[in-house]
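Take a look at these structures.
One chain, subunit A, appears in both complexes that follow, with subunit B as partner in the first and subunit C in the second.
Up next, the complex of A and B:
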């Protein structure tokens, strides 16, 4: 039933639409816009103040969001694991459901909630509390990232945690470990693959987003994703955009390499 | 006490998760275009069905999701059978290539495809978006089907052959049903990813073509019209009802496969 030749069509597809496009990015990244000669300047352009601070801000915000997602999702996944099996399917379903509403719209809805004159503003106004809208600040963007990517952290964690054999946990308890010890010595190490895949699934999209910062940053906050997007769409300087994309890819590759070190078998896949 | 705390925690998370959705739904009934509530209306729902722009974006989005999920599933299943037969070394190379679109950010994938299409002179339009969607959907199908294929035993297939089935018949009668749960979840995943995608579509679509995502993005500057909220409300409720109906029999204690 398995034949090697069945893999060839997809191999060609991947070469045509995954490998070659990436090589093209490299070509543009390493060539000069006007002369077409080899150059490193698109690459080094990351060191200009505007680009560098955007990259650092992106790294900072995506790290914060990933950490917040992990801290929120871990207890959540533990709770889901403890609820009876009959109901977990439904609760997991509740996490996926919001994804069926367009993510731009959901993010835009936060604008309605948080903005000056928005729902929270009026609510606090009724209570007589002074409200300052976070729209246009980095905290609004972190909120948007956490909101959008939390399910990507919960699902792999839940998957891994629900696969842990209860007997292992019970054995640790029988041997005298208290619940804190059991958690740190048994559950946490066993759930590492899920943590790794959750971090990947939150960190990469958060690092490269431009839509969330567009909406909740009110165009006052520039992330590296915004800059690259503008180079391609408005400025149409593909060479510079490609160079910056490659810098971004290097950061992604480094984080992947670090993470893969901990998850060699890819056990933590969400699916 | 501990149980109460965990219930409270779950409740808070779900409130945050669903608050924006409730806001969207409520605003779809708001008589004013601004965020101020000025009375109940069904006006936006009426306008929705007269807006050819929104309806055509909806049509494009659904056709695109259907085609890319279907084509990706066919490619994915066939490739899984092929990858399984490869020697470990090539097996690993294929899986590594397969992972690129998932690990690489959507931003880079979208940009790279845009550069490719323009370089080889394919004018951006429905085809380019479809190719792009298939490219990022197949990996999800493969990752859903592959574990299933590894678990399934070869002997049932061989037994079918011994009993006189042609390889094709044996595939459809024995192998395919075995892989079905993986195929279905891969299909659903691909459909959802395609439906919700914005970034890759944004870069590979030409002028004039819009999916719901790109239409919404273009309206963000001027403020999203409540008609879009009305459409999203309808879509959300449709999906909710379908999924609730699908989930029902499983909760009545049908044994999981």
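Up next, the complex of A and C:
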């Protein structure tokens, strides 16, 4: 048994479940649906008005939810850094706890909370307040994205912040920096890898989601993920779906490239 | 020492294998049948009944839409033996050589299926070569009588601003376009681009009024009083009224879609005879009755109907009468180009 043979299962795993599926997508993406001949039309289809505006809407919503996640998660990670270790573990545990449940169920729970005839509707009804359900709007989708992906922002931020040496912070204080200066000159730059990692981990799944927009968007809002999903499930056009998902992959590759640029040591990785 | 453990465990493994091998062939001497059906479209107790009665192991999988099922069978027609698609999809599968003609010698219970339904099925399956009807029904409007006071006769109500954000549409291309095309007085099977474009414009006009486009959730939303009007398959209506008495169902005057779902055998079926036994089993009076009670979709099985309540039989929402059916049309398979055209227009409807 050489050390190399230990790598075999992983190699098999990667080939069977990453390389081959990607090749299949490429084959479908580059071929014509009816003739099977080589074509670029499945890629160029992104330029049609419907696909392009769905892609722009996806970019917009995922950027908004990434920003909201960052604004919510950074103060929390700072607080976690300051509290005692035993309590920190508990709070992080509370954050991860919902992830033990399937994310579709949690998203359906939001639907039941927010929908007409749902819990919020009945609650406001009792108070005599007219309630307008946000279901079917882009704000409901942003809410779903923030809710589902917030832990992916908290964990890398917490990870990187807790690794900052207290002595560095104390040194800054000794040299006369006030707390604002310490934050902007010391803590923020040192936590940058965590920020970049968190952004990528929220932005990528938010950009590709179709389940959240299906459930909370009442299928009224078409994101690029929905278009791709429907090409596979209802339009039976795997070629177009593959072409569009490869276009989407280009956007993901760009964000990965940004991550690698800023986070060379992989310090910000959450797991 | 290590070797002995290895040999021992290998032996145990082999013994276990041969044991399970024995018991499964004992229990199922007649092999397997691979069934591919809609979700929640069979009283699943029937599977065990079929297995013990015929000694055939049933491998049962489900799909959500015809369109999801089709590419799988197209890629490998031997993946399943017996499938239950809808009319237009059966037509498409026949045209593309994915089905195998039925041997009616193995399906004597076909005599239970009403003659008129077999005749109707010839619209998409000439001479009933490939398909045995399983359920049929219409598409109509389910509405909440506490929220809608007027009597509904037309699809127009789905464009009434009074019901803004209280309307639920089907998130399926053909169903959604059928509603608009029928309202415009066109055929639901039109391939004339100007007519499809006109219907798309009408659906776009409707978009701000629609609360949600749904596939299966229409049932829950209507039962929970979350909407006033919903476009729905007739089979769902019976279940909905059992849960919420305020719901009523109407098939608009302009006409609608009538559909038949039927069992077919794939061209690549490895267990064709078992597949036909499965179809024959579902054509028995008892199985059809159990299924009717479980899924609530109208059955073309005349023997089973003898035991169904008169009241249900006379409910046009469940068993539409012939004059209603005459107003309705089947979806036909329109070909890939026309399908694409519908789908492209459908994507435009949902642009904000």
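As a working rule, the second predicted complex is superposed on the first by the 265 of 271 C-alpha atoms of A that agree within 3 Å, B and C clash if a C-alpha of one lies under 4 Å from a C-alpha of the other, contacts with A are read in each partner's own complex, and residues count from 1 in each chain.
Please note the rule applied: a contact is a pair of C-beta atoms (placed from the backbone, for glycine too) under 8 Å apart; a residue touches a chain by one contact, two chains touch by 3 or more.
Because the structure is predicted, anything quoted here is derived from the model rather than measured.
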| query | Looking at the overlay, what does A:190 touch: subunit B (first), subunit C (second), both, or neither? | reply | neither
| message | Touch test for A:177: subunit B only (first), subunit C only (second), both, or neither? | response | neither
| Touching partner for A:229 - first (subunit B), second (subunit C), both, neither | first
| message | Which partner chains sit in contact with A:64 here, subunit B, subunit C, both or neither? Use first/second/both/neither. | response | neither
| task | Tell me which partner A:169 touches in the superposition: subunit B (first), subunit C (second), both or neither. | result | neither
| task | Kindly classify A:116 by the partners it touches after superposition: subunit B alone (first), subunit C alone (second), both, or neither? | result | second
| request: Quick one: classify A:221 as touching subunit B (first), subunit C (second), both or neither. | output: second
| field | Partner chain(s) touched by A:33 [first = subunit B, second = subunit C, both, neither] | value | second
| task | Of the two partners subunit B and subunit C, indicate the one touching more residues belonging to subunit A. | result | B
| Is there a shared patch on subunit A that both subunit B and subunit C touch, and which residues make it up? | 115, 117-118, 232, 238
| task | Note which residues of subunit B are touching subunit A in the complex, please. | result | 6, 9-10, 13-14, 16-21, 23-24, 27, 35-36, 75-76, 78-79, 81-86, 90, 94, 97-98, 100-101, 103-109, 111-116, 119, 131-132, 134-135, 138, 140, 143-144, 154, 157, 167, 170-171, 175, 185-186, 189, 192, 195-196, 198-199, 203, 212-213, 216-217, 220, 224, 228-229, 232, 235-236, 239-240, 243, 247, 250-251, 253
| So in the complex, which bits of subunit A are touching subunit C? | 33-34, 49-51, 53, 57, 115-118, 135-136, 218-222, 227, 232-238
| remark: Seen from subunit C, its contact residues with subunit A in the complex are 64-65, 67-68, 70-71, 171-173, 207, 210-214, 221, 224-227, 336, 339-340, 343-344, 347-348, 350-352
| note | Within the complex, subunit B is touched by subunit A residues 1-11, 13-14, 17-22, 24-25, 28, 72, 75-76, 79, 82, 86, 89-91, 93-110, 112-113, 115, 117-119, 147, 150, 200, 204-205, 207-211, 214-215, 225, 228-229, 232, 238, 241-242, 245, 248-249, 252, 256, 269, 271
